Amino acid sequence: MTITRALTILFALIWPCCTLAAELSPATSNCLECHRSASPGAVADWERSRHAQVTLTEALGKPSQERRVSLGKTPKGIADVVIGCAECHTINPRKHHDTFEHEGNEVHVVVTPQDCASCHPTEVKQYSQNLMSHAYGNLNKNPVYHDLMELTNGVASYDNMKVTYKKPDAGTDAESCNYCHGTHIEVQGSTTRDTDFGEMAFPTLMGWPNQGVGRINPDGSMGSCTACHTRHQFSIQMARKPYTCAECHKGPDVPAYKVYAVSKHGTIFSSLGEQWNAENVPWTVGKDFTAPTCAACHISLIMTEEGEVVAERTHQMNDRLPWRLFGLIYAHPHPQSPDTTIIKNKAGLALPTELTGEPVATYLIDDQEQEKRRRTMQKVCLSCHHAGWVEGQWSRFEHTIRTTNESTLTATKIILAAWDTGAAMGLADDDSIFNEAIEKKWVEHWLFFANSTRLSSAMAGADYGAFANGRWYMNKNIQEMVDWLEFKQRETQ
Amino acid sequence: MTITRALTILFALIWPCCTLAAELSPATSNCLECHRSASPGAVADWERSRHAQVTLTEALGKPSQERRVSLGKTPKGIADVVIGCAECHTINPRKHHDTFEHEGNEVHVVVTPQDCASCHPTEVKQYSQNLMSHAYGNLNKNPVYHDLMELTNGVASYDNMKVTYKKPDAGTDAESCNYCHGTHIEVQGSTTRDTDFGEMAFPTLMGWPNQGVGRINPDGSMGSCTACHTRHQFSIQMARKPYTCAECHKGPDVPAYKVYAVSKHGTIFSSLGEQWNAENVPWTVGKDFTAPTCAACHISLIMTEEGEVVAERTHQMNDRLPWRLFGLIYAHPHPQSPDTTIIKNKAGLALPTELTGEPVATYLIDDQEQEKRRRTMQKVCLSCHHAGWVEGQWSRFEHTIRTTNESTLTATKIILAAWDTGAAMGLADDDSIFNEAIEKKWVEHWLFFANSTRLSSAMAGADYGAFANGRWYMNKNIQEMVDWLEFKQRETQ
Amino acid sequence: MTITRALTILFALIWPCCTLAAELSPATSNCLECHRSASPGAVADWERSRHAQVTLTEALGKPSQERRVSLGKTPKGIADVVIGCAECHTINPRKHHDTFEHEGNEVHVVVTPQDCASCHPTEVKQYSQNLMSHAYGNLNKNPVYHDLMELTNGVASYDNMKVTYKKPDAGTDAESCNYCHGTHIEVQGSTTRDTDFGEMAFPTLMGWPNQGVGRINPDGSMGSCTACHTRHQFSIQMARKPYTCAECHKGPDVPAYKVYAVSKHGTIFSSLGEQWNAENVPWTVGKDFTAPTCAACHISLIMTEEGEVVAERTHQMNDRLPWRLFGLIYAHPHPQSPDTTIIKNKAGLALPTELTGEPVATYLIDDQEQEKRRRTMQKVCLSCHHAGWVEGQWSRFEHTIRTTNESTLTATKIILAAWDTGAAMGLADDDSIFNEAIEKKWVEHWLFFANSTRLSSAMAGADYGAFANGRWYMNKNIQEMVDWLEFKQRETQ
C-alpha cells in the first residue's frame, strides 16, 4: 500500500456522496416511483451500479483506455442522464416482441445484447463472434448433441427389462443444459395480475427466466450480457472474479473453475485477492492484481504499470485460444464460425472431427491462426513468467491434447467393437449412440475425463489431470468398458 | 458507499473501546480468572461476541425489530451483566445430568436449547417444531433409516464369497451420520484429571463432543444452537453466511451449498458479499445484502428499506417450505410433526410415501398449508424479481419434483424386479434393503441424484441437475441397474 | 476492534511510503532496470513482499519470537540491503548447474532450499526431515508406487479385447503426480532467444516449470520453498491460508482441504477469517485468529496472549503427527526416515505394512514417539477445547484408523481371492497389481475412501467419512468387487 492507496480509500469513502446528484431521466423517475417498493432489491442493486452514477457524456469523456463504452459519439436524449430502468427497458420497442404497454410506457422485460449495443457496440459485435453467442443452436440444433441432451434430461422408464426415455419438456431443458446455453424466449399471449398498483397485463414469456449465454431473445438477438455482467449492479468486479465464470464452468464436463481453484493462480487469488483492485479499467498487472483470474487471461484489457498493452479487451474470447478443449469428443483447432451446426464430418455427423479423431479441417482455423492466438495468450503469461517457463508449460499442454485425444480414440475403438459385435446398438443400427451403459461410459471418457485432464493441463491444476476425474478415471474407464463388453458378449452368446 | 458508511467505519474503529467497561457477573469473573489461561482461545472468542458486550437490559431496550432476545421481561439477577461463562454454564443446574461441582460452582459442560431459552424462548420454541430438532430420533429410531445407517457405517467382512457387516459402534456413528444429526449425550461416571490448577473431577460424557442439530442433551432437551451459532463468538454474521449451513448441507446426499455456490445468488455472494453488512438486525434487502444467502430465504427477518416486512424470522424453517426435497425416497409435502418416526405407510414402513411413491397423506401437510408456505417463500423472491420470473421458476421447480419422483419410481421398479426374480434379496426375504450392490445403486438414485436434481432446480444451480450428480447420473444409473440385473440373473440361472 | 487496531490500520496506510527508501544492492538494481518491463508482474509482486522492505540487519534485530530469519549472525555483504532479485538468483553460483552468464552476472533460474537456507537455515533443516522433501523419490523410486504412477498416467491402448498401457513421458508425469511431488530438474544444453534486449542464451531446463514439494534441484537439493511460500510476494498470509495447502491436498486421494472446509474450524475461517490477522509472528490464538487453519495445527509458532508457547514452529510437520493417514494402503505410525524407499516388508515390497496390514515396525516410530507427537498436537487443541472434548475426539479418530484399516483388509482379501482363483493376475503372476478393473477398485478403497474417512475423522468434517467418498463408498465398493469377481469367474469357467 502506498499513499496513493490511502488517498484512494479516503476518496472512496467520500466520493459516492457527490454523485448522488446524478440526473435521472423523467421516464426512469417514473419507474422508480413504484418499483422502489415493488422490487426494492433490484432498485437498490442498480443504485450501486456505475449505470446509476455516470452519464454517457461523462463516460465518453474518459481517456480511451479507461472507457467502458464503445460507441462513437453521444446519442441524443440520453447523453446527460444516468442509465436507469427506462434507458434499457424501453429502448428499441419495435424490435421487441415482448414490448407491452405499462403505465404509459412501451416496456420490455428482457434486455438483450442488441439493447446493450447502444452504448457498448464493440463488445456486442465481438461477442457475436464468440461461440457462446451461438450456444443455444450449437446444442439444440445439432442432431448429435440434441440427442445427448434428450438422453440426459428425459425421464427413463423401465418395463420388461427394457429402458426407454421420454422426451424432456422445455422446462426441464431450461434448468439443465439450457440454463447455461440459453433458452428460446417467446411471447405466448399475456397474463393479467393483481398488483399493489391495481390489475395489470404482462406478456407471458416461454423460456423465462433465463440468462444463458446463447439465449434467443424476443428481439431475435442471441446471448445475454447479464450471464456475466450480473443485473442490476453490473459490477465489473463481479465479471472479473472467477465465481461468475464458475456458474457454468464448474461441473464435471467443464471443471475450469475447479482447476483454477487448485492452481497456483487460483490459490493466490483466494488468499490475497481481497487486497486487489478489481474495479480499475484498464487492469494493471502487478498493481491491480498479482495473479490472473479467468477474465485476465481470456477477456480483459491488461496493461503494465509502464503503460504497455499486454492484451486488448475481447468479448470474442477464443481469439486468445488456439485450441477448443472441451465439449467435443476430441480437442481440435477452434471452429472458424461461431455457428458449429454448419460443420459436417465424413460420416455426415455435425461434429468437428471424425469419430476416430481426425479434424474436419475446412471448418477449423489453420496453423497460422492458431499460432497467432497462441502468441496472444502467451503475451499474458510472459508478463509474469520468463520465456522458458512459458514454453515448458505450453509444450506439456499441447502434448496433453494429443495424449487425451489418443485415450479417447482407445475408448472409441471399444465402442466401435461393441457396435460391431452387436453387444450394443450404434450408428449402423440407427440407434442412439448415448443410451446404453457402455455408451454412457464412452461419453464420460471425453466429456468428463479427457476434458478435465486438458483443462488441468492448460491451467496447471494438477488434481483434475490425476485423481479428480483425470487420467486415473480414463484408464479405469477403459478397463470397465472392456469388462462390460466381455460380460455382455457372454450374455448375448 | 455513503458518508453514513464512512462514519460507520470510523465508529466501528472506536466503539469497541467504550464497551470494554461492560459488567461481568462475579461468577463469570471467577471463571475467567483461570480460563483465560486454561482455554485462552475460547475466552478470546467470547470476548468478541455480542454476549460479552451487551447486557439483557440493553438488549431489551432496542426497538422490537432490532431485538435479538425474545423473552418478555428482564429476569432478575442477570439483567445488568453481560452474558458470560457462568450465565450459560451454571443455569438450570438441577435439570442437567452433567452438572458437577467445579471450584465452588455447579457447572455443566453442555449448554442446551433449554438453557438458551432463558433469553431466546421464541427461537427455541420455533426450533422445537423444526425437523432438525428431531434429527437424532428421525434417523436412529426409524428402523428403515437405522438400517441404512448401519449398512453405511458398519465395517464389511468378506469370507467365502459372502459379505457381512459388523454393527457400527457409537463412536463411528458420532463422526459419520450423527455428526450432523446429533448424538445422544449421556453421563457415565466421572474422570479425574491433573490440571494446571490441581487434580479435578469432570463428568465423563458419552457422545461428546457433538454439536449436531438434533443432539439429545443431558437435560433431556433436543438440539444444539451452536450447530449454527458457533461457540463462543455466536456471530450472526457467521450464521448468515452459507459456509455454516454447508457444514451439513454439502455432501452428495444434500448438496445445497454446492448448488447455491454455482447459482447466480451464490456467485453474487462470493463476488460481492464482502461489501455487505451481515450484522444488522433486521436484515434489509438491497441495503445490507444484494443476493440471498441460505438464512435470507429460510430463516432471517427480512425487511425493505421502506420498512416493510418481507419475511418474519423463523427457526422452524419449513414454514417457508411446501415440499420436503431430500433425504427421503420421494419428495413429498412436509410432514406435519417434526417427529417422523410416528409415520407408517401401508407396507408398515416408517416412510412418508409408499415404496412406489404415493404420499402417506394423513401425516403430511395439506394443499392449503403448502400454498401458504409457497406464498411465504415467494414473497422473498418477489423482493427482487417480478411475478413472471417467480412463477416461471416455481413452475419448473414443481415440475422437477414430479419428474425426479418418476425417475425414482423407475429405479424402484428395477429393484422390485430384482427382489421378485431372486436376483437380490429384499423385504419379502426379511433381508436388508440396503446391503446388495443393486440396492446401493437404488439408494444413490434417490439419496444422491434425485435429491441433487431437485435442489438444483429449487435454487437454480444448473450443474447439479445435469452432469454433477444430476439427471445424467439418474439415467446412467438406471442403465447400470438393468445391466446388473441381467448379469446377475444369468449368474443365478 | 480496538483503538490499537485503528492505529494499526492508519499506520498500515502510511508505513509503506517510509520503507520505499529501502536500499537495493547494486546487482538487484541492475536486474530491475530491465526486468521492470521484461517481467512487470513478478517485479510488482516482489515489491509487495517483506523481502523488498526489510534488511537482514533489521530482521535480526527483532525479538526472537517475532523473527522470521533463523541464521546466527549477519552475513557480510547483504546485511544492509533488502533481499532482491540478485540476492536469491545469484547466490551459490558454483553449486548450481543452471548458472549461466546473464548481463555480466552469474544467474540461476531455479532458487532452491539451499539458497533459502542462507537466511532461513533452521526451516530448511527441519524441512529436510519432512516426508515432503523426499516426495519425488518416495514416489518415483519406489517400484510399487512407480508402477501405480505409470498405470495412471500412461495412455491405454485397446486391441483384440486386450488393454495395454504406454509408458508415460516425463512431461505427463510432471503435470500429474509430479506437479505436487516435484520433478527432477536437469540442464540440457542452452536455448538462444530473441528478447527485447537483444539475443540471449538461457539454460534449457528439463522438468521446468515445477514447484513440487520434493523437487530435485539443479544444485542437488530437494524441495521447493515456493510450493507454499509463493513467489515473489512470499506472503506469510498466503502460507497460513488453507487455499495454499489445497493446491496439493484437495483431490480424492487426499481431500484434507475439503474436509477442513466442511469442518467447524473451516466454516469459522470461511465466515470470519477476513477479520483475522494472518501476518503477525508469532501467531496468537484468540487474538490473531479464532479457529485453526492448516498452518496453525501443523506448522506455525502459536502463542497465547499471555505469552505461553502453544506450539513451536516446525517445518518437519510430522513432529505433531503420530499417524500417517494417507497415501499408503494402511494407516500406520509415521516412518522414522523421510526417505521411505529404504523400507521393505516381508514380501519384499517397498511398503511400510504387509499387504495384510501389519506394520513393518523397524522402520516406523515407536509408541513412545507416537505419544510425544500426540501430546504436541493435543496442546494445540487444548488452547480452545477442554480435555474431555479433546480426548473424545482423539478416541474416535484412533478408532477410525483401526476400522478403516479393517475395511481395507476386507478389500484386500477379495483381491487376494481374485489372484488366487485366476480371475485377475497379481503378484504371483508377475503382473502389475494396478492394471485390472478390480485392482483399480481396490486402489480406490484405500487411496480414496479409507483415506477420506480418516481425514474426515481427524479434522471432523463429517461428509468425507459418510457419503462423500467415505464409509458409504467403502461398503459399496466391497459389494461391487465381489460381484465383479462372481461375474469374472463365471466368464473364465
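Labels for the chains are A, B and C, by order of writing; each one numbers its residues from 1.
The definition used in the following text is that a residue touches a chain if its C-beta (ideal position, glycine included) is under 8 Å from a C-beta of that chain, and two chains touch if they have at least 3 such contacts.
Just so it is clear, the model here is predicted, and its values are computed rather than measured.
Novice: Please report the smallest number of touch steps linking subunit A to subunit C.
Specialist: Between subunit A and subunit C, the shortest chain-hopping route counts 1.
Novice: Given that subunit B and subunit C are copies of one sequence and touch, is their interface built from the same residue numbers on both sides (over half shared) or different ones?
Specialist: different
Novice: Rotation angle, subunit A onto subunit B: superpose the C-alpha atoms of these two copies and give the value as a multiple of 5 degrees.
Specialist: 120
Novice: Can you work out the whole-Å distance between the CA centroids of subunit B and subunit C?
Specialist: Result: the chain centres lie 34 Å from each other.
Novice: Please list all residues of subunit A that touch 2 or more other chains.
Specialist: If we look for residues of subunit A contacting two or more partner chains, we find 274, 487, 490.
Novice: Could you pull out which subunit C residues touch subunit A in their complex?
Specialist: 12-17, 36-37, 39-45, 47-48, 109, 151-158, 161, 163, 165, 169, 171-172, 174-177, 179-180, 191, 193, 195, 202, 204-205, 208-209, 211, 230, 233, 235, 237-238, 241, 243-244, 246-248, 250-253, 274, 435-437, 440, 447-448, 484, 487-488, 490-491
Novice: Mind pulling up the subunit B residues that touch subunit A in the complex?
Specialist: These residues of subunit B touch subunit A: 1-3, 5-6, 9, 261-264, 266-268, 270-272, 274, 285-287, 290, 304-306, 308, 382-389, 392-393, 395-396, 399-400, 403, 406-407, 410-411, 413-414, 417, 456-457, 460, 462-463, 465-468, 470-472, 474-476, 478-480, 482-483, 485-487, 490.
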